[in-house]
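Both of the next two complexes hold chain A, though its partner changes from chain B to chain C.
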Partner chain A sequence: MAKIQFDGVGKRYDNGAHAVRDLNLTIEDGEFMVVVGPSGCGKSTALRMAAGLEPITEGRLLFDGHEVNALSARDRDVAMVFQNYALYPHMTVSENIAFPLASRGMAKDEIAQRVARAAETLGLTEYLSRRPKALSGGQRQRVAMGRAIVRDPRLFLMDEPLSNLDAKLRNQMRAEIIGLQKTQGVTTLYVTHDQTEAMTMGDRIAIMRGGVLQQAGAPRDLYDHPANLFVAAFIGSPAMNLFQADLRFTDSGPVLVTSGGTLELGPGAALPARARDHDNRTVVVGLRPEHLSLGDGPGPSLAATLTLTEELPPEKLLHTLITAETPMTDQVVAVAADVDASAVGDLAQDARAHRSRLVARLPVDTPVPASGPLDLRFDPARLHLFDARDGQVIR
Partner chain B sequence: MNPALQGLITIIVGVGGCVGYFWLSNQVLDKVLFPARGDDAGRNINRANQIRPWLFLFPAIFALGLYLAYPVVETLRLSLTDRDAGGAFVGLENYRRMMAEDTFWEAMRNNMLWLIVVPAASTAIGLLVAQLTDRIAWGAIAKSLIFMPMAISFVGASVIFKLIYDARPAGQAQIGVMNAVWLQFDGGPMSFIMLRLLPAIILIAFIAVVAYVAWIFLKPFFDTSLRKGGAVIQAMRGVFAIVAAWLIFLSLRSLWGVFTITYAYGEPQQWLTIPFWNNFFLMVVLIWIQTGFAMVILSAALRGIPEETIEAAIIDGANPFQIFFKIKVPQIMGTIVVVWTTITLVVLKVFDIVFAMTNGQWDTQVLANYMYDKLFRSLDWGVGSASAMIIMLLVSPILIWNVWSARKEMK
Partner chain C sequence: MTRSPFAMYGRELGALALALLWCVPFYYLAIVSLKPTTEIFADPVGFPDRLEFANYAEAWAGTMGVSLGKAMLNSLIVTVGSVLSVILIGSVTAYVIARNGRRMGTLMYFFFVAGIILPHQLSVVPLYSAMRQIGLVGNHLGLIVLYSGLMTPMSVFLYSGFVRTLPADYEEAAEVDGASRGRIFRMVIFPLLAPVTGTVAVMVGMVVWNDFFIQLIFLSGSPAQTLPVAIYGFVGEFSARWNLVFAAVFVSIAPILAFYLFAQRQLIQGFTGGIK
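The block that comes next holds the complex of A and B.
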């Protein structure tokens, strides 16, 4: 158990590629830290640097305040769970779990004791004499976990350990890993590309993009207060609705001018303090789907066209289009590209048609017409405003 | 007729014959024997499909039977008859005569030596080279150089090594590398290190390895939980253990000899005439050739090991030796066994090297050369066939083991 600090850590390859830049991140003792980001964001490289599998080329990595940059992987006392489990195929389950102990020269009876305890924790006792080949995916996953928990390492490293499991098993293992981490109390660095996993598992989440840490914080914190457009678009499912507008401060209060019309936010609208600096500038407006509503309530309304309704009790999702420019900043495009190449195409198509997609999340029993025009209301206090040029949130 | 034309005609006739056989036999089957029409169409199709595999197998079975199975039976028969008595049946007389010959036992002993040293050395060196060349920039060049001897025939390699072992009278320039090096030793401290200490260390290492392997083979006799396989496997384990004990005894005797022998410094040596050791000078030729084969196969196997298992082992605290012996080697054990047994089969048939370098003189006889001597020089088909049967008996268990491990791999 240890406190892990990345102090300006960077990774530059011989060919000049910069996989991780100036990473500053502290993982408290016993904390479950999830690093999340699209593929190629440097999260795996960061994890491998922590493991000692990749040399650190810039900055310092500290375990409990001591620099470990020069320490080899075998001396760092970390345990790692690999994406494809990396079980030793020629060893039985018990030999697999015992290997980290045996290679450190522990006494045989203590190894047996510890293996038995780890196997019991993970429900593997009856499979101890089997080879990995004879196990199911979930059981292999458990053996990999067993190999990690059998000794008390200073740090658990997990590299997308659930991505090879089917959805149902993934949910179950997710809960098990959380429980295991809590009872063992071992500092954990968990890497995933799945934001749902990140949101549900992490005490804190660190979001990376292009080798740069975007934001680190508690899941709710990232959800409610994204630091930039990338975090806003990445966290949340369905994703935050984004459209461009010009922010103006008029006598009757602030307004957002879109290509489709003007949204009066009202004189009392609680906008961020620095919003004034962006008077007469283009901003990106962000609205969570659950903050949109139908009907005649208070607050400004958006004229939208309903295109599709998805029912997923207890809620329904309304897919609509509004007349407003779609933000095509590289951060938004990066998030779309992580989903699929076609998502980028859709985004570009929307931008050319001067429209934006808006998804509203409503209770499933809300009466909604099959299609056609709708008025979507929102609470100005729930708005997120981002600088359209650099994508940073306006605070 | 021009030989090239002859070759072309042979190819056309051969390939055409094959195509013709398969096509015609299938036509006969489908159109004449079991035509797919009439009332029995469905049943006929099924019958035809049951017979078809045998049509395809027939040429191979026939050729193997004619050139492999029949000669075995015929050799067995010849080994029980006497040529001088007009081919009369003499029972096991030939075997008795053969066993009474010192040369036969010399060939047996040498063959056993070859059988142990050559596959072990080739596989071990091949594995070492495969592992080491993967980590250096010029590894590909090193590998090609080590693989090259594979392209040289056994006889060609023998000629090369005869030059290496060549001796000229003292005072003349030595053209053989071995003697050129040998004449550098003068009995000083370097000679002690190179000629007494180094061989002693190698011998001790060899004893340790053999003892360890013997222990692995013997372990199931003491630890019932490890006991797997039937009586045959258990018997083979016992035989291996006895062979290992014999090897350890030989090595210990040599260890004594290394320190007590009086070296003939300054005199060029006829290496191939030094009894016992000349066997190893011959084996070097085959090791030199087979190492390349072992290296290529094992190198591919090493690359097939998932990188994650090695990374996991590093994180689990294994040192490079543990990673090599506990993670890498066990994962390619199947390939190692296949390489080992394949080289073993080559070794048991070894003939050309001995024939070309010593022709079995100076205690270097091996079974294949002994058989050749008897069959084609003494024209004694009885003893010659008997020795052929012995070679087959020796090859069979290794073949069985090979098949057994191949099946285990496939499971």
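The block that comes next holds the complex of A and C.
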């Protein structure tokens, strides 16, 4: 077990691709760190550098304060679970699990003991003499886990280990991996591009984009205090609602001016301290779906048009449109592009129509009209404000 | 796929006829090997008047003081030695080439491909004198070295093509698991190469077992002489004793036939292993 430090670590591939830039990240002893980000953001590269499978071209990597840059993979004492498991096809399950122990010259009877224990933990005992080909996807995944937990490595590395499983199995294995990690207490670096996985599994999450670390912190921290538009748009499902407005400070308090009208936030509205610096500037407004409500109460409300209701007990999702510019900054587009190409198209279409999509998350028994106009109320204290030019949060 | 039964039977019959055609040489092999010496030139293809089983005893005694059994053993040593050597050298070399930096790998690859293309017969004379000087003429080791040199390029070609299709994950997993380079090759890579190893073994085995030219030049007159050389011993300067030649040939193909019957399934798998 060890404390892992990326100290200004970078990776430039031979073809010039700068896959990771100036990564500064500390993983505490025993911590479960999830690295998440869209495809091609450099997650795997960072992980492979930690494993010693990819040479580090910039900066230093420290295990317990000692630089390991020059240490080969076999001497780093880490265990890795690959996306497609990389089980040796010609070996039985028990030989697969025993392989790392045998490679390190452990005595035969101790190997047998440990393999038996690992198999027991993972419920693989009855499959020990099978070949990987004769196992289901979930069982193969367990064997890959077994190969990792059978010894006590300093670090677990996992690269999208659940992406080949179906949804149900994925949920189950997710819980199992968390349990194993907690009982073994091994420092873990876990890569995924699924933000739900990241939110549920990580003690802390590091979000990357284009080789650059965007923000690292506890899941709640990232959810409640995203550092920029990218993190805001990436974390959360359904995603944070975003629209553009001009921020103005008037005698009757701050207002947000959208192409659809003026939104009075009220004299007492608790805006971030630096919001004043953005007087008369365009900002991107962020609102989580669960912070929107119906009915008449205190606080400002947005005039929206209901287009679709999705019921998903215990909650329902209202899909609405408001008249306000859709932010088309590269950060927002990058997140949309990671979903799929049509999401970018939708975004562009909204931008042309000067409208923004807003999703409200309400209890399933909230009475809602079938369609038509609707007032969406929110608490100004829940607003996230981002600088429209660089996407950084306004604190 | 649906086929009419007539087409099916037609195909079966065609295949049977073809198979029968293949048996014809064996028939002549058998009858000539049992002819008395006097009858060979008088009536070479007819059925013998008298079955001369003594031909086999005489053939078995061999030529140049090397019995056919001993010659068969020599052939076996040279063949097995060459097969093992080519598999070992070829697989390791191909692995290094396929997993090496682009430039060096490509260079070595073409070096070996050139080895396949060049006709080795061109270099027999200098090779002979060189091998003679280092004591590699007239013994098993010399032939094994020679065949390894001749056959390794082809095996490197086959192996490296296959290694390139192997995902790097296995090696990386093994490396993270703490395995040394040697252990990775022995325990992970080499077993995965099994289909190619089968192909290479059969290919090299057939070439070496059947080759005559090289074995004649490098072994004739020595106690290490192999089957083809021993059989050729029955073909004298003035008279060829075809009945003995045929008897010897018949004896010499027996182990090969047995091998084919025994390993039929594995052989077919080996040859078709790449196509799935």
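Definition applied: the second predicted complex is superposed on the first by the 395 of 395 C-alpha atoms of A that agree within 3 Å, B and C clash if a C-alpha of one lies under 4 Å from a C-alpha of the other, contacts with A are read in each partner's own complex, and residues count from 1 in each chain.
As a convention for this text, a residue touches a chain if its C-beta (ideal position, glycine included) is under 8 Å from a C-beta of that chain, and two chains touch if they have at least 3 such contacts.
Please read all numbers here as calculations on a predicted model, not as lab measurements.
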{"item": "Clash or fit (per the criteria above) of chain B with chain C on chain A", "value": "clash"}
{"item": "First, second, both or neither for A:Arg389, with chain B first and chain C second", "value": "neither"}
{"item": "Partner chain(s) touched by A:Arg276 [first = chain B, second = chain C, both, neither]", "value": "neither"}
{"item": "Stretch of chain B, among 3-11, 39-47, 75-83 or 237-245, that runs into chain C once the two complexes are superposed", "value": "75-83"}
{"item": "Chain B and chain C footprints on chain A, overlapping residues", "value": "51-53, 72-74, 76, 78-80, 82, 84, 86, 88-90, 99-100, 103-104, 147, 157"}
{"item": "Chain C partner contacts - residues on chain A that touch it in the complex", "value": "51-53, 72-80, 82, 84, 86, 88-90, 99-100, 103-104, 147, 157"}
{"item": "Residue numbers on chain A that touch chain B, as the complex places them", "value": "51-53, 72-74, 76, 78-80, 82-91, 99-100, 103-104, 147, 157"}
{"item": "Residues of chain B touching chain A in the complex", "value": "306, 308-309, 311-319, 322, 326-327, 330-331, 333"}
{"item": "Residues of chain C that touch chain A when the two form their complex", "value": "167, 169-170, 172-180, 183, 187-188, 191-192, 194"}
